[in-house]
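Okay, so chain A shows up in both of these, paired with chain B first and chain C after.
Moving on to the complex of A and B:
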């Protein structure tokens, strides 16, 4: 309870109208601002350069939008998070009380209309921005383009199967033609699974007894995996399938190959069960 | 001194707790009491113009996991009302080799939840031999079990083997024997093993209880699922 403690308590004193004293404002502003600025810059740089490396390579506009959303949200959150961190660090280390006896609490801060209005306005703007962004992305995904390829997705413990009703083909592998819109009709024959072609930026639950629909348009040739995003039992970790985005000609050839296989199986099945 | 000592002890304790949790999970890893069946080399084969080892694996499916065959328990400590693959669920084969697998199926069965798994997929020639006859599919309502194999994510993407095992008409679950008099089917198929890594196999026939037949035995390690170690 030395004079040092008394001085510290004096600095932390709050004025009668609820505003922090000029003294503490000036002392705190520079270090908090510097920390905030540095951490904001780091957060923005991480949003721009780090996020694309942390997320899978996008194979559809939705995949690209998902990546862009994470980037934009990271950048938008950077100054807010930096402010919280800077203030916390300053308070924890710059305003740390020394000694065994804690100081008395100061009077509560009330009726600071400027801070209340500013905080509400900033929060409303940020949340409104996120809401509008999210609704816009969602509405784009809801649009039904013409010439959609229909793919029936069935989840079961612990494998995926993909049916192509237009051609009567079923496969354990998801093969899609590039640049053709696709509608996935998803269900499960046992428990809830999660249909998650990660690189396509879409994910929806596969529920038993129900069909959930999700759309996308693969726009890049390549291979990726479809995972299950719902913990679904013993071999959930193994529940994934390979997906391929191929040219329309390769897709037609693959469908033809699968049809031939099905025909041969139908014939062989007839013999084996006779 | 106390200001430094406190955080250090806190960090050490935190790391210790996390390590203990990790070790706890690791200790739960299933280890088959019957050990691992290492495939026996039975010759060589030509695959894609290359000469590769030709190896063989043998499994059986019994209706009673608590029973025994020729004095050997089919599943040490097994549940009496559960079917089981035997004699172990841990298999090992060399990478990029021709694997010929023989499964003797003694159990009863019924209908698949998904008829796709009545099809033979991923085998050499797209066929399996059932009681000496080559087939590409089976009636999805006459299935005992399936052998469905795929790699752990990150290993040989696209690798997939599925073979239906027809039901053997042994509905009372009491027929743990491997003599010619027991109702059974012998299923043989070959596939080319992928690159080194861990592969998972399981039955896709709903032979368990509860939700859609995938509870109980289907959700327990060591009975109707296992690992293929490709080395």
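Moving on to the complex of A and C:
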């Protein structure tokens, strides 16, 4: 009995030591695959549902692009990240050893060309995909549509000013007509600011001595915030402006109202000067 | 683990009564006195001659005073002694050199200009921990101000200066956290050298950076602090008060230190390897230290250049970055990020390489794909000098370069992926020995994957147009630099602690610290990712109530993260003072640093080691696995084989 037992033990030990890599890999396949599948599904679900839930509602095609990119990249990255996580978790819960002396050495696997080449090929493919995605989106965003509304944006410590050269109006509130392409011409009078209309997926710095240009087309009515995205001194945190996307009729009315207000102000200013 | 030696230990050498000459009388106290005295003299001169200029008088006085401090401190420490002797035609005697290396001075040598690489490494470790403590405290102040949207803990200006100094102190600390302590203490032993190639320059690199630290702390007491963020974007930084002069001086001094240390590391590895230590057998950490140092030599001059330009813009009216004088902020942004992006890999490569040693030792397996992962480090270093403008996607500079920089940035994820392959491949089918250093390896894998994936969003221009300047970026680089590099450095610290201190680290307390760090880190920075997704800008002292709950979570996470690091610090300090004595090779590892006795004797090896294979022969039998490190007798080969 006892000899049988020890024989069994002996056999088991031999098998354990002699496990070929394929057998171990077979035994490992199911748990790794399950962990990988669960984490991949979680990542994909997060990409589909969580990202649009967290990000602000886009007010332009560029805002939509930014959100879609995050979703697609999350979904593309999920299987890769899940693969590394699954392997490392499997390793961790596999053969473990505590104590002051080390366990038996592991197998002397120094390299495996198939794994290396496969890994390099997979990551190159993924990078190629990300790159083609990004460059395609970026070049679409570069197109210049006709009939653009020009808006001159000036950053200063710690205020945004929006000028509408076509009508001579200036305002500290950004008002845009819906569905009309707009071109922002941005500059700064003091230090570098970051012009960031949060929900529009566009952003460019306001640089002193330079005019930078970005374009978008607001496609949704509503209100959002223009923030400063570049540390610009003491009141950086409070440097923001309200932005409104309105119907073309409301926009025309707003321009009229601004014009009359500014002429009233000019009148008042003239009086006090005299 | 006893050592039997026939050769006398160098520590026991009886030196002549005047050995060391001037060095005998110099230590940190004379350094401080020299610094203060010369700073005061320079201040007097500056005050008398330069103060009158209304435009730059005070800036110049501050700068001249700083110069006096650095020179005086290093004169007092003895940094320049050897040069004086050389100029005067007196060669130093053997006794002088042994004295400078710390012979017969006991613990006092840690407070002196000591040329022993192990002393320098220990000094660097203490300085790094100190900087992390300061940087962490500043982070707690930031998180307290951001605890809720109505917080009035500190005012705007203080907040900006704290954000600035938290950033730069952490950057400086992470640059030196592995290349300082471990590339100095461990690397020369790993390659079988008696010391670094240039021991005096080695001591200089430490004392120069140590003399720079007071500038960083001094910014808080000058003119309301440095307020332009650690990136000190010009022209905002040109506008700033005199604290910015100290900031620029801090960086320029630091660059001198990193450059000297980098050259030393590279020359040591290229020229000081022992018999049989071919480049193909070089331990992976030494490779990482060398590649990181080489990349630093590329990056740091750009830092010096950009800072000097900003400084002259401020002080003598040049206008490199001032639009009104024909300059451009874009010039600053380019020169700064030409430094800034390689620099994150200067931070990352050495700790990751150290972590591969840890993974190998605690899975009892060779480093997987050794040559390929070394190639990946080199590829990362090469590519990283071509990615800088991804920090400038939204600046409006050269929009046509968006595509090429997207390409280089995304390409770098291929060699970075190889690092994961190597770690997981090393652990795969390994005999996992669950000691504290290995815990950090697993945490690194988790954190750095998240850091890498979120980095891919930022590499994409349309997505970056939403995320730039937003808390998402803050969360991303904390996942890579804190969750990645610093966690890898914690693996290195806990791994080499017994060799450096001669004592075992308290693993029970260490594991408590590990779990606090691991969990609260996720809470803090996942909350910050959510803030970023929702559109909260970075570096703001107050915010929309829209972001209130995420900020509360981030602050709570940050507090417990700090507690976790403090618990680890407690474990380090208490074990260093009275932990159980460590055997020479507690991990039964095969690389050379574990084959010498603990504490390591002055010139490391009593018999010159001869190397016959790489140090990863786990599970291999026969000649190659045994590594006849020591030609004969000596005190060879303890533990290791079993």
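Assorted remarks:
Heads up, the rule we're going with is that the second predicted complex is superposed on the first by the 239 of 274 C-alpha atoms of A that agree within 3 Å, B and C clash if a C-alpha of one lies under 4 Å from a C-alpha of the other, contacts with A are read in each partner's own complex, and residues count from 1 in each chain.
Heads up, the rule we're going with is that a contact is a pair of C-beta atoms (placed from the backbone, for glycine too) under 8 Å apart; a residue touches a chain by one contact, two chains touch by 3 or more.
Model, not experiment: these values are computed from the prediction.
Annotation for the three-chain superposition on chain A: chain B and chain C clash. In the superposition on chain A, contact of A:108 is made with chain C only, not with chain B.
In the superposition on chain A, A:191 makes contact with both chain B and chain C. Between chain B and chain C, it is C that contacts the larger number of residues in chain A. Once the two complexes are laid over each other on the shared chain, residue contacts for A:87 go to chain C alone; chain B is not touched.
Judged by the touch definition given at the top, the superposed model places A:238 against both chain B and chain C.
When the shared chain is aligned, chain C comes close enough to touch A:210, but chain B does not.
In the superposition on chain A, A:73 makes contact with chain C only, not with chain B.
Of 562-570, 580-588, 598-606 or 616-624, the chain C stretch that intrudes into chain B once chain A is superposed is 562-570 (criterion: clashing C-alpha atoms).
Residue overlap on chain A between its contacts with chain B in one complex and with chain C in the other: 190-191, 208, 225, 227, 233-235, 237-238. Note for the complex: chain A touches chain C at residues 21, 24, 51, 54-56, 62-63, 65-67, 69-70, 73-74, 77, 80-81, 84-85, 87-88, 91-92, 94-98, 100-112, 115-116, 119-120, 123-124, 127, 130-131, 133-135, 137-138, 141-142, 186, 190-192, 194, 196, 198-199, 201-205, 207-210, 212-213, 225, 227-238. By the touch rule above, chain B contacts chain A in their complex via residues 113-114, 116-121, 126-127, 130, 133-139, 142, 148, 150, 152-153, 157-158, 160, 162, 200, 202, 204, 206, 211-214, 218-221, 225. Put simply, chain A touches chain B in their complex at residues 154, 156-159, 161, 170, 172-173, 189-191, 208, 223, 225, 227, 233-235, 237-238, 240, 242, 261, 264-266, 268-269, 271-273.
Only residues 156-157, 160, 163, 227-229, 231, 233, 235-236, 239, 323-324, 328-330, 363-366, 368-372, 394-396, 399, 402-403, 406-407, 410-411, 413-414, 417-418, 420-421, 423-425, 427-434, 442, 445-446, 449-450, 453, 456-457, 459-463, 465-470, 530, 533-535, 537-544, 586-588, 616-620, 642 of chain C touch chain A when the two sit together in their complex.
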